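The following pair of complexes shares a single chain, chain A, combined with chain B in the former and chain C in the latter.
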Partner chain A sequence: MAPRDVPARGGPQRARRSSRLRLSETQLGLFFMLPFIVTAAAFMVWPVVEAIRMAFFAYNPLRPDDVRFVGLRNFEIILDDPLFWESFRQALVWTGWSILLQTAFGVGLALLLHVPLPGIAAFRGLLLFPYIVPTVVIALNWRWIFNSEIGVVNHLLLRAGLIERNVAWLSTPEMAMASAILLNVWKYTPFVVICVLARLQTIPTELYDAAKVDGAGTLRRFLDITLPMLKEVLVVVVVFRTIWTFNKFEEIYLLTRGGPGTTTFNLAVYAFEQGMANLRLGVAAATGVVMIALLLAGSVVYVRVSGFGAEERPA
Partner chain B sequence: MTEATRLSVPRRALLAGAAATTLAAPAIAQGAPRVARVWGEPGPYGGVFVQGMNEWAQRNNAKIRFEVEQIPWDGVTVKLTTDLAARRPPALISVESPIAYQLAAEGLLEPVDDVCRAINAESRLVDGFTLASFGAWKGTQFAVPLHHQACLLVVQQDIIDELGLGNPAQWTWDRFADAAKTIAERKPGLAGYTMALGRNLCADYHITQLIWQAGGMTWDPSANFRAVFNSDATVEAFDFIRRLFSYMPRSAIEFSFLQVVDQHVTGRTGMSAYWGRTMGRAAEEAKPIFERMEYYLNPAHPRTGMRWSWTDINGWIIPRRDNPFIHETKEAVAYVANSVEWMVRYSQSLMPNVGPVFKDVATAPQMLAHPFYQSKKRSLDVIFVDSVPHQCNTGYELKKGINPLAGIAHGRNVWAQAVQRMLLNNETPRQAADWGQRQFEAIRADNARLLAG
Partner chain C sequence: MTPREAVDRVLLYALLLAVTVVVCFPLAWAFFTSVKPKDEIFAWPPTLWPQAWTLENYRTLFAGKQAYFQGGTAAATAPPPSAFFLDWFLNSVLIAAGTTAISTIVSTLAAYSLTRFRFPGQRAVPFLALIGYMVPSIIFVFPMFLVMADLRLTDTLASLVLGYVCITLPFCMWLMWAFFRGVPVEIEEAALVDGASRLRVFLEIVLPTAWPGIVAAAIFTLIVSWNDYLFGRVFINTMENLPLTVGVMHFFDGTHVDWGLMMASSVLMTVPMALLFALLQRHLVAGFGAGAVKG
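For the complex of A and B:
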């Protein structure tokens, strides 16, 4: 042992160095999160802040040196624009039907895939196919499939004698919206299936056994055990799917370009048209800000009403 | 060589090579040719022109390489907007003249009077074109003539003859509509006529040529570009479109460029409105359709006698801001445009889509040696020559003055939207024209600064 007044070789230096490098658990956690924080700040937070800032300016991208503060003028423009309100109504139809059908089909398919059958894993894998194919590929394929003149859907329906003349799938307002919703449901139902299936697999089988002993039938077991157990995951899935669907641009734009007329415009397509076709980036940004506000308010109300996380809060 | 030496030597060499490359990187980068991006329309012709530009670069040791990027017709505005906003424009762009007029008025383009002088453009132009029609604003030239394409009446001659519909060259609107009706009624599964009616650029073009034929316009350059869209002529043209729609495929309401060509080349329509590409596609994919296909001038309006055609009067424009290649680009464009051989190759790269705009090119023996001149000479003469007196576009309506607002209105497809309101929302032609009038007047008000220059 070295004398007290004679420091061991390198001892204090090493101690100082190690104290400099020693991080608390919080600091270490922050350190590991740093890449995510920087990335999120650069690609999520900054664009949102910039969009909010731009909503108060007039900015024509062809005249980047002429940016003027206009206060609330951009918001006045969109609120006075009948197309904004039409797009808003259509966005509600598009989102509402998409979410309803995705949830219904998603829960149904998850229940089917939860049945322990030989080869069921292969079906679970195949179900992911629509979700992993790029949207642009799907939309362009659907344009061909639903082409009223040379599309395979009309061809098959005619051959089967189910229709007498070609159906204009993308050329009438009602059918175009229905086709767009169908695409959205087909592509994103697998997301609901994955989430619900994961939750189903964690429900204790004893609950079902006990219910059977008590004489509960299939429907009763679904309503009293499965559905309450799925509630939490469904709340999360519906909130996320609502936000993503309400914001969706590429599916509608690639499939119908918002047409025929403006009958499949939603607010994302409206914002794009304002920014790119009308060269009013400030108005487009204002539309985005309104969308953020609507989604934020809607999500808070929905989560409150659904009672999500209530059981975790102290009484 | 043993395994050990094979592994050790490359490792050392690799390390040495990596170090040398790192040290030499700046020098290598300096010696490498700089890349100048050129935007062309979809099709091989932009690539052919760029090959010629690269020949100039090689011969002059310019240490520059031109690379073509294909931009879809209806994607030019969006791409241009984003690239200009990002201050990263291409060195050179092939555009239809309404966009050239708009960008010139915005002050975004480099004047090219010097290039036009260097290639004697004015004296070489095919009769019927003026330099200004390709892209000018307030007396300054901003576009170098490149090619022209007229939107015409494309017919399957065998059907016309079989049904005894007469000579399409002598049709007026009524005879034409009757012919479409007869085809639709007597040829089940076949549309009488097909035009684009979707919310897109193609529909804008198809609609406006009918308005001009009836004597209408969108803005009046002689009255400070006041919107004059809701005239009786527009209402008459809309009414005629509604009449024709009865003989079109129902899905024409969503058709754009590609769908119109598809419809014709797959034998699903007796007649259509299109540029030269329908003939080219048929030659490549559907020989029987090609053999019976003929092009005619658009049917004449019964009162005005006009046969106006929406003509793509296409030129090269050079972005002025943030473009480090202006000098080299001008030299290279002049080099290719002065070469009859390169310009013939350009026109022949997608026959008969890109009509020659210079007389020496149009009459060059190599040009006339193309096989289409043997099999389809009458139609080719209509496309390349006879259509020229009837050429018109939305930026130079009825040749009454250059108008920079059309590019903006095309970005919003206002003409197509107005017609869709009539066909989808059951508005009357007058109501739809009045709606369009409000949109066009709003565009003028929003861009007063542009008009003032």
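For the complex of A and C:
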């Protein structure tokens, strides 16, 4: 977002008004803030405090009276748990591939949708649609079209001669992970498209005309003009998407329930299973704390490496 | 247009069309499955275009649980999950409406306050909102559950409304804050000097100019509260009180999976979002532009 000057306010006439209202400007401002402060305190600050507190307690929701302080025991439990480390590795695979494919497809599609063709607006609308489809719907559709026995994907691939027998899309570890990544890419590529397209529309066309005159080909123009111009928005998109993808729960859980076995667990599914199936809310909370720490660390490293925010943007 | 350009153009359209087919296929296939009779759904090889069209699946979903109890076979067994479809649909509508009302009103008031008044600590609020916006809901869900238990709200629609307010408010707050910063205050100041009250200025000048921002915030909230699964799964355990997203996953409960019902409900779950999208696409893109969207 472009920084804007906050308009100057205050002044003598304001003081006169507020005495008439019998509320000072500060009080009036806080009055407008009140609903937000109450809601935020009750349903954001309180849960966050609970989330951190719970990480140091043994907490079974079926026995709410038996809550014991256990110090760092919950953290020891997860760090000793092979499933935690498996989930962590799988989360890296899931995030890495999802981000790579989303960014590549997203930039490609945005470039395609940026071409001034008649009727392009209709395509723009259609191609953004997956972003608002409920994850439950996509997961149901995926389970149906990738069904190994009567799914239409196997049928089409067989008929095209690309495979020789039905592929078990959701019941072998590699294919289940691949299907989940595909679902994620299908749903969230539009996010990248929207951000990149918005940036493309602000690149002055004179730059391209000048480069054309100088004899630069399409590829040259892309590498020397478009890509540097997109760098900033891509950094933001990749950081945001990495943070959200790493923590995705529904996209995996609804498609594979973390299976077959535990081969598509990520940390979010791990935390959910600890809290919901094992009723160890403390352990789930400890996992959450680790996830937040990882994210903070990850985004700091990424911002440093990419130099985002280091240079001042020329006006 | 030179022949070269014409060829380019045809290739571009072909590419666009191919991408559109890939993007639309899963939903189109869901629709085709939902209007096929059972034996055709399970036929191999599958028929791409339905040979016999039927609304049977939709009729089952709309029959409701009264029809089941009047059917005579009741009492002995619990109704099948599909009997609750209407309840779930209504729940989801109420939850989405409630969340959207609270989130947009609270964030609009707060953003107005942040950009038009001075008070201690106000600089930190948008920053904290942005942080809140990054925290994934899996981290909120169990502590929120305990908060709801303390408030005696578990297993109610209200718990979901409050839960979704908690995950949508930071972004709405940030969106509205960014929006109000861009609205010049001169007109408001002039009206105040002319003797209009704060409330009147807010209702007659501020709200109309902020309308596009409010619509973007409302769309975002509607999408999140209609689409979420996790909170509904953890907070609610009575069949009647489930939101649509959690309810339809119960169709997998039995040994036999009825894909026709499943696809009909996924079509019905998508339709409200599709209508909203078609109506408000322009605003949606404007909202995305104002600072991306959670997802």
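The rule is short, and it goes like this: the second predicted complex is superposed on the first by the 267 of 315 C-alpha atoms of A that agree within 3 Å, B and C clash if a C-alpha of one lies under 4 Å from a C-alpha of the other, contacts with A are read in each partner's own complex, and residues count from 1 in each chain.
Here is the rule we go by: a contact is a pair of C-beta atoms (placed from the backbone, for glycine too) under 8 Å apart; a residue touches a chain by one contact, two chains touch by 3 or more.
Note that the structure is predicted; figures quoted are calculated from it, not measured.
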(message) By the touch definition at the top of the document, which applies to A:173: first (chain B), second (chain C), both, or neither?
(response) first
(message) Output check: A:263 vs chain B and chain C. Expected answer is one of first, second, both, neither. What do you get?
(response) first
(request) Determine, under the contact definition given at the top, whether A:148 touches first (chain B), second (chain C), both, or neither. (result) first
(request) Could you say whether A:293 touches chain B, chain C, both of them, or neither, answering first, second, both or neither? (result) neither
(message) In this superposition, which partner touches a larger number of chain A residues, chain B or chain C?
(response) C
(request) Check whether A:47 is in contact with chain B, with chain C, with both or with neither, and answer first, second, both or neither. (result) second
(request) Considering only touches as defined above, state whether A:163 meets chain B (first), chain C (second), both or neither. (result) neither
(request) Considering only the touch criterion stated at the top, classify A:64 as touching first (chain B), second (chain C), both, or neither. (result) both
(message) On the A-aligned overlay, A:278 touches which partner chain: chain B = first, chain C = second, or both, or neither?
(response) first
(request) Look at A:25 in the shared chain and tell me whether it touches chain B only, chain C only, both, or neither; answer first, second, both or neither. (result) second
(request) Please write out, lowest number first, the residues of chain A touched by both chain B and chain C across the two complexes. (result) 61, 64, 149-150, 276, 281
(message) For the complex, give me every residue of chain A touching chain C.
(response) 1, 4, 6-7, 9-10, 13-14, 17, 21, 25-26, 28-33, 35-36, 39-40, 42-44, 46-51, 54, 61, 64, 109, 112-113, 115, 117, 120, 123, 125-138, 140-142, 144-145, 149-150, 152, 155, 159, 186-188, 191, 194-195, 198, 236-237, 240, 243-244, 247-250, 254, 268, 271-272, 275-276, 281, 284-285, 288, 291-292, 295
(message) Give the list of chain A residues in touch with chain B in this complex.
(response) 61-64, 147-150, 166, 168, 170-173, 176, 256-263, 273, 276-279, 281
(request) Going by the contact rule at the top, pick out the chain C residues touching chain A in the complex. (result) 9, 12-13, 15-16, 19-20, 23-27, 29-30, 33, 42-46, 48, 102, 105-107, 109-110, 112-119, 122, 132, 134-147, 149, 162-163, 165-166, 169-170, 173, 178, 181-182, 184-186, 189, 192-193, 197-198, 223, 226-230, 233-234, 244-245, 248-249, 259, 262-263, 265-266, 269-270, 273-274, 276-278, 281, 284-285, 288-295
(message) Per the contact definition, I'd like the list of chain B residues that touch chain A in the complex.
(response) 77-78, 81-82, 84-85, 87, 103, 106, 108, 198-200, 249-254, 262-263, 266, 268, 408, 411-413, 417, 420-421, 424-425
